[in-house]
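Please go over the structures that come below.
In the two complexes that follow, chain A is the common piece, with chain B as its partner first and chain C second.
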Partner chain A sequence: MQDSISFFTGFGINDLLFLGEAALKTLWISALSIAIGTLLGTFFGWLLHEGKLVASFTIAPILDVFRSVPLIIQLVLFYNFAPIIGLNFDPFASGVVILTFYTAALVASVARGGIEAVPASMRRASRSLGISYWQDLFYVVLPIGGRAVFPAWIGVVLGVMKDSALVSVLGYVELLKASQVLITRTQEPLLILAIAGAFYFALSYPISRYANKFEQRWSK
Partner chain B sequence: MIQIRDLHKHFGDLHVLKGINLDVNKGEVLSVIGSSGSGKSTLLYCLNNLEQIQQGSVHVDGINVHAKGTDVNKLRQKLGMVFQQWNSFPHLTVLENVSLAPRIVKGKSKGEAIAMAEKQLKHVGLGDKLKHYPNSLSGGQQQRLAIARALAMEPEYMLFDEATSALDPEKVGEVLDTMRLLAEEGMTMICVTHEMGFAKEVSDRVAHFHQGIMEEIGPPEQIFGAPQSEHTRKFLANVR
Partner chain C sequence: MFDYNFHWRPVLRTLPDLIQAGLTTLEVATLSMVIGILLGLCLALARMNMTGPLKWLAVTWIELARNTPALFQLFFFGFGLGAIGINLTPYTIILAGLSFNCAGYLAENFRGGFQAVPDTQLKAARCLGMNAWQAYTRIVIPQVFRVVYHPITNQMVWAVLMSSLGMLIGFRELSGETQFFASRTFRIFEYFAVTAVLYYVIVKLILAVSRLLAMRLFRY
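== the complex of A and B ==
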């Protein structure tokens, strides 16, 4: 019997490329959100540390919202309601905005922890040399506190990278969305999810290995 | 010259310094003794504006330390300070610990800053540790590192806040020797200390603080030989 219209086709080499491309998109949206979110979060962390009272009434509750509401809800709400106030973001931009704030909310507590990890006596000693407040932050607090919370920050990075999969609900074709497309077509969920998982692993593993190397170098 | 006039310092309800009047001349070594909580460390912090004051004034070479327009970062370059806890920067080598401030505060070139750091580290006997990280040094060595770090800013005064109190007993000697060396070189020093031997031997004058008041000040022979104040007599009797 002649093949009828074949609705489902098998997994081919082109599909692997398709997944690879999607993995790069995952990497790109994560890298962008993590980079901006880390800078923003560090600033928030500094605000939390410096302006204890003011910050605890202003940004702290907002950060709490971003930290506690599930990311998928944040994404859907933002994507659907931002146009109402005139922000017409495509799925990618919406994803970046929400992932950035989500990262910033997580990094803020990490950054505050880092600042608090530097003993007051150390900062007093550095100030006694004539080092200014900002120089002290940059040359003393950042390197010492940064190292103290580096493992926690790496945890945030890996977490956000995996959570970026949720941007797929907006239709942005990153790794998870690409897998769903292929599963629909090939009906081979096991194979494709395994490959997608392998891609996620390939993105995360070098980061955690590299992080380990840094930590070892610092601890000697 | 350091001039302290009617200095009052409160921590909340606690009246820590109750009207201190004191002049410290260039080239002088002043030791400040007294029991814990007598306000002697706080006095040091008031000299370089690490603490605010509630009344009175402090002038260093004519600069009003707590006046609004005073550039405290510039002022602090005049006053090197060594703390009880040595506070070495753990992420920097010994050499970088000392060259950091000359580079970023004084704007010296990297070469000049390193040359200055090397000179001061040799001065305190750490010339062979330049590339080490502080955590491989003993407490005594780290405290000498802290002294070199302060000296690299070429201060005109050195303030020591119980510089040997946190050290293991066998490490106290090397730090006191370094302090003695500085005194012999003519550095103006104010040493808050519990080391009575050092105070007796090295100081030009010794001041005894008791409950926020400067109870007695005079040459070591007077303070240790024939103290005028009843409190000073009691304090010294308990120390020895």
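== the complex of A and C ==
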């Protein structure tokens, strides 16, 4: 007769699928916030470049806050602040909002650097050729400046993807949280952490290698 | 306006404790930066000059540190090593995790710094009769230091921000202390808001000190 019930079960193929699914969630939340955050950040970067004095007293300090306060504090703060002003956000939505602003704050300085990387003489030349301001921005500044700061942008993307692990504090089951759940059940931390780490590595390493190649090709 | 009553008094009453915890945060971040700089220097040199297992170790370390989330690394030092019988205290976990992470990131900065110093500097130093140790410590490293000074400052800020992850492994630094008080009083928003301000102040202090130091160090 069995006198003890086993609470802990072994690690099976279903668990691997569970981790894979969680990796997709990590990918989804980071892709969403990076996409929106990049657009927003580029806009902020443009504002920082154009409205020099005004912007440096208004949006620059606000963006600075997102860079100077730990993401985990931002997440907890926003998650607890949203209900106060009557917004009922689930962990995923709160995570996306904060990650988006976090990305935007990081991208803003990158975008500003990109705009400033385009020589003023080149922009004047394009304007002299009869190109409008917006055309100049999209057809001259974007391709040239974008290329100059592409590696920096990839750095931001990888950083945000790794930092998305922190959304687990709010209870969103992404890769790291899923590994925690499995560890509690199977009691095999080393194996599961190794697998979760391998997933992160597989998401991040190819992108960073690609960015390196790109940078080397452009520095020639 | 709000359906919520803000209670700041409990937060103000425990403010000295929070500031004390902020000092712990600074202590951990500084210590891990010191270890990280020493290890990062070794890793960068091993990656550039060594062959065989040492180079392989350095490359693995750097890529693992850079391509997995910091929180994952902390969990690894906490739960992962715990599984094979190495039980570290929260303080050691956070110190080990942060040092591991910082070393990986700084190694790449140092590598860039070493590449920025021309080869001829080392050769000239050797020609003047210095031995390898003297040439490195008196000629190459001071020049590398100038290049990597700004990245080191950035990394120091990151170390402070990353130490907030101590909250998740039960370490009572600034975030952990906040979490402790917040769960005791249920004033989650107020506590985390004050903590966010404290982090902001710490980061600004570090940047100011770094700027002053730079003025003193790079006078010539």
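List of remarks:
Keep this in mind: the second predicted complex is superposed on the first by the 206 of 220 C-alpha atoms of A that agree within 3 Å, B and C clash if a C-alpha of one lies under 4 Å from a C-alpha of the other, contacts with A are read in each partner's own complex, and residues count from 1 in each chain.
In the analysis below, a contact is a pair of C-beta atoms (placed from the backbone, for glycine too) under 8 Å apart; a residue touches a chain by one contact, two chains touch by 3 or more.
No experiment lies behind these values; they were computed from the predicted model shown.
Overlaying the two complexes via chain A leaves chain B and chain C side by side, clear of any clash. Legend: residue contacts after superposition of the two complexes on their common chain; A:124 is shown touching chain B, with no touch to chain C.
By the touch criterion defined above, A:135 lies against chain B but remains apart from chain C after alignment on the C-alpha atoms of chain A.
In the superposition on chain A, contact is made by A:197 with chain C only, not with chain B. Of the two partner chains, neither chain B nor chain C is touched by A:210. The three-chain arrangement built by superposing both structures on chain A places chain B and chain C 100° apart around the Cα centre of chain A, to the nearest 10.
Within the superposed three-chain model, A:143 lies in touch with chain B and out of touch with chain C [touch as defined at top].
Between chain B and chain C, the partner in contact with more residues of chain A is C. Once both structures are overlaid on their shared chain A, chain B and chain C have a minimum Cα-Cα separation of 24 Å. Touching chain A in their complex are the following residues of chain B: 48, 50, 73-77, 79-81, 83, 85, 87, 89-91, 100-101, 104-106, 133, 146, 149-150, 153. Of all residues in chain A, those touching chain B in their complex are 119, 121-122, 124-132, 135, 139-140, 143-144, 147, 218, 220. Within the complex formed with chain C, the chain A residues making contact are 65, 68-74, 76-77, 80-81, 83-86, 158, 162-163, 165-166, 168-169, 176, 179-180, 183, 188-190, 193-194, 196-197, 200-201, 204-205, 208. Listed in rising order, the residues of chain C touching chain A in the complex are 2-4, 63-64, 66-72, 75-76, 79-80, 82-84, 157, 161-162, 164-165, 167-168, 175, 178, 188-189, 192-193, 195-196, 199-200, 203-204.
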